[in-house]
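Note that the chains are named A, B and C in the order they appear, and that numbering of residues resets to 1 at the start of each chain.
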Amino acid sequence: MREPAMNLILEKQSLPELLQSWRESYDVFLPQKLERFSHFMPLQDDTAVLLNEPHNTRVPPKALFLPMTETLVKFTRFGGYQDADHEVQPRVVFAIRPCDAQAVQLLDTSFVQEDYTDPLWKEKREKTVTVGLGCHEPCLTGFCTTVGGGPFNKAGLDVLLTDIGDSYLVEVLTDKGNWLFPSLQNADDSAIETGHKIQQEAFDRMEVAFETEHLKEKLEQNFSSPYWDTVSQSCLGCGVCTFLCPTCFCFDIVDETQRRERVRNWDSCMFRTYSLEASGHNPRPSRVERTRQRLSHKFVYWIDQVNQIGCTGCGRCVRYCPVGLDIRAMLRQAQTLPFEVSHAA
Amino acid sequence: MSPKPRIALFQCQWCLFSQSDQEWVDTQLPENIHLTKTPCTGRINPLYILNAVQGGADGVMICGCLPEQCHFKTGNMGARRQLEEFNDFLDYTGYDKARIRFVWLDLQDRGIIQKQLASFEQELEVLGPASNLVTRVKVAEGGPDA
Amino acid sequence: MPDIDTIKTEAKRLLQEGVVEVVVAFKAGDTPMHPQPAFFSSPDEIDQLVYSGLCQNNLASFLTRLPKEKKIGMVVRGCENRSVDALIVEKQKSRENLYLIGVPCEGIIDWRKIVEMVGEAVLAVEENAHLVTVETQNGRFALERSILLHDSCSRCAHPNPMSADILIGEALPEGDPSLARTALEEFEALSSEERYAWFQKEAERCIRCYACREACPMCFCEECFVDHIEPRWTESGATPAGMQGWHIVRAFHQTGRCTSCGACERACPMDIKMTYLTEKLNHDMRKKYNFEAGLDVQTQPPFATVTLDDKNRFVVS
């Protein structure tokens, strides 16, 4: 067996065949055209492999690990219950973009902890090999480099592909990824060099969307600032930004009594019912508080908890917000807020 | 023999003036007919019908009073406007229009509801079981226990 | 295109003279294809006001979020004007608190169609009456405006605001109502299996983000039926029953209210064709009751009234 961190070379024309060969031992998911956008779907016999889509899938691949609706338990009318079928086949997620892979890794901090582990998430994570496809033409709405990632970031990936013309430079990063390429040639130095050059160029093309220094303190200290009224004014209060966010993971557990199943569904802090209490009191009564929650969670609370920004800069919320709200502009504006440097250790 | 069509019957509690008819509906409905009694057809939310359809009803029958005989003056007419349109709309999305039937019962009627149900059942047998818009697993077909 | 300066002058006047407390219009967005709804409360801010074919929201959806007594000025197109009138019929607003700056609308440009044609790397968009010039990282493209129109705009029957307090620019010729009808009739001609297959295909993409609900001016319920916990009206998750139930009932609740603006479809992040559902209901309302929402502020929607004449339409057993 080869050592991880190997550099291999994969001819583009042999890719479909390789993908099909993985189906013997894996379920293979890759972005495919669905209406006017791309979407992660299982590879079939006749699937056309189109990787020239410059933009990312519309629904983030977090849906492969935390489905929109997932059955937890089936119950009977008279008090009995049984676990739902959670069998997961080993699978490959192919052509996941670095921002999304980083997001999945980030979500591990929530779902796989020492004192609490979500078994459903964990099983899917363990059985999944992620093959990333770097962005040699980074999108204009993305801002991965601003939040600590990059168009060829390796976080959360088992393999990283770099498009170098007629072939891909395959960087095998983990043992898990190693099994996928039994018969590829090692990349020669020039291919590696080309790959790295493309990676660096893509990185350099990304502009800094907003400064992250002291952003946390500013958002924290201006908790009741009129700033929040301004940025939430035109918000509709829909769930597009959170549902399409690769790092948003909130869910709601519901008993579907007609189907006799306990399910968990995606939920969004932008909804009124999210924070509504049984008494009728709602601690986040309007879109102002909800917008503050969404931004603060990503740029304050997540840093408090795991010392990482809870945003990987994929740009979906920017692209698909129905009223054109741009998180980058909101945070640029936040940078103008007053703050005091905290001296806490 | 294939099982009888499943019918969801929505009945306004005022429309059966004859005590014997009402008693028949209350106690002797065949098993394939599921009764929901409402205070007036005007109380029938389109969502009730959708629920019946999604849950696998092969047909929905709604019984109410004649237009001028509503206990609440106009409840039945409001219902008719809404539910007729809802019927058309479900038909548009694929649930056959003939699977929803409205029946207006005169206060003098005797034994009409039985005949209506029988003829509706016959019609549904011709149409066969509904499949469009049926999205919940039927209890009878491997859904969770009854 | 209506003259932007005239709109600005009028908006400024309204704020200066105290006719209104806030003007609801659009301002330039942070990305080139997404102007943002904006709320101007001082005359100095009016310089930021923009108006273009890319303003895709129905501003009337913000009316019910502002206090009822607040004096509001609003830049309205044909559909927005109808939505405002429909809200007045529904007693959600009173006309005396509103001042409508009417703009004849040449149709909203669907940014997704631009992306489909020239890719996502759009840097700037300019438009005139016939052409939309898109500047991207890969060059400049001149596209015909008519092919970029949003579907509901290309079949729009009433592009002119009908009850605005002032109309800026020349009124446009009325649209052809048969366009909407033809599309509908083609769909109705399909078999019920085909119609269901189409509906299924559209509904199964739904992620239940409720952007359609929030973008719709006529979805003003304090509590939506899907948010009820007891009784639970429909499945809450992204299951076939839940998704189909949501789309059927969402559309049906708009019967007699929908003004065919298409804001729901433009807000949808999953490109679900929703107006084909509401168009059916609008068409039926026209056919059965000769009613169209938002054409005046008196006529009650069909579901809010009944007449004894109705009984002749019923089959009496």
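Definition applied: contacts are C-beta pairs under 8 Å (C-beta built on N, C-alpha and C of every residue); 3 or more make two chains touch, one makes a residue touch a chain.
Since the structure is predicted, the reported quantities are computational estimates derived from the model, not experimental observations.
Looking at A-C and A-B, the interface holding more C-beta pairs in contact is that of A-C. Averaging Cα coordinates per chain and for the whole protein, the chain whose average falls nearest the overall one is C.
Centre-to-centre spacing of chain B and chain C amounts to 36 Å, using the average Cα coordinate of each chain. One inter-chain figure worth recording: chain A and chain C are separated by 32 Å, centre to centre, where each centre is the mean of the chain's CA atoms. As a whole-number value, the distance joining the C-alpha centres of chain A and chain B reads 47 Å.
Shared interface positions of chain A, defined as residues touching 2 or more other chains, are 258-259. Residues of chain C in contact with at least two other chains: 235, 239.
Residues of chain B in contact with two or more other chains: 136.
Chain C makes touch with chain A in their complex at residues 29-31, 33-39, 56-57, 61-62, 112, 116, 119-123, 137, 205, 207-211, 213-215, 227, 232, 235-239, 242, 266-267, 269-271.
Chain A meets chain C in the complex at residues 34-37, 54-55, 58-59, 67-69, 137, 139-141, 233-234, 236-240, 242-244, 252, 254, 256-259, 263, 265-266, 268, 271-273, 318-326, 328-329.
Those residues of chain B that touch chain C in the shared complex are 46-47, 50-51, 54, 66-68, 74, 77-78, 80-82, 85-86, 88-96, 102-106, 112, 116, 132-133, 135-136. Per the touch definition, chain B reaches chain A in the complex via residues 55, 136-137, 143-146.
Across the complex, chain B is touched by residues 74-77, 258-261 of chain A.
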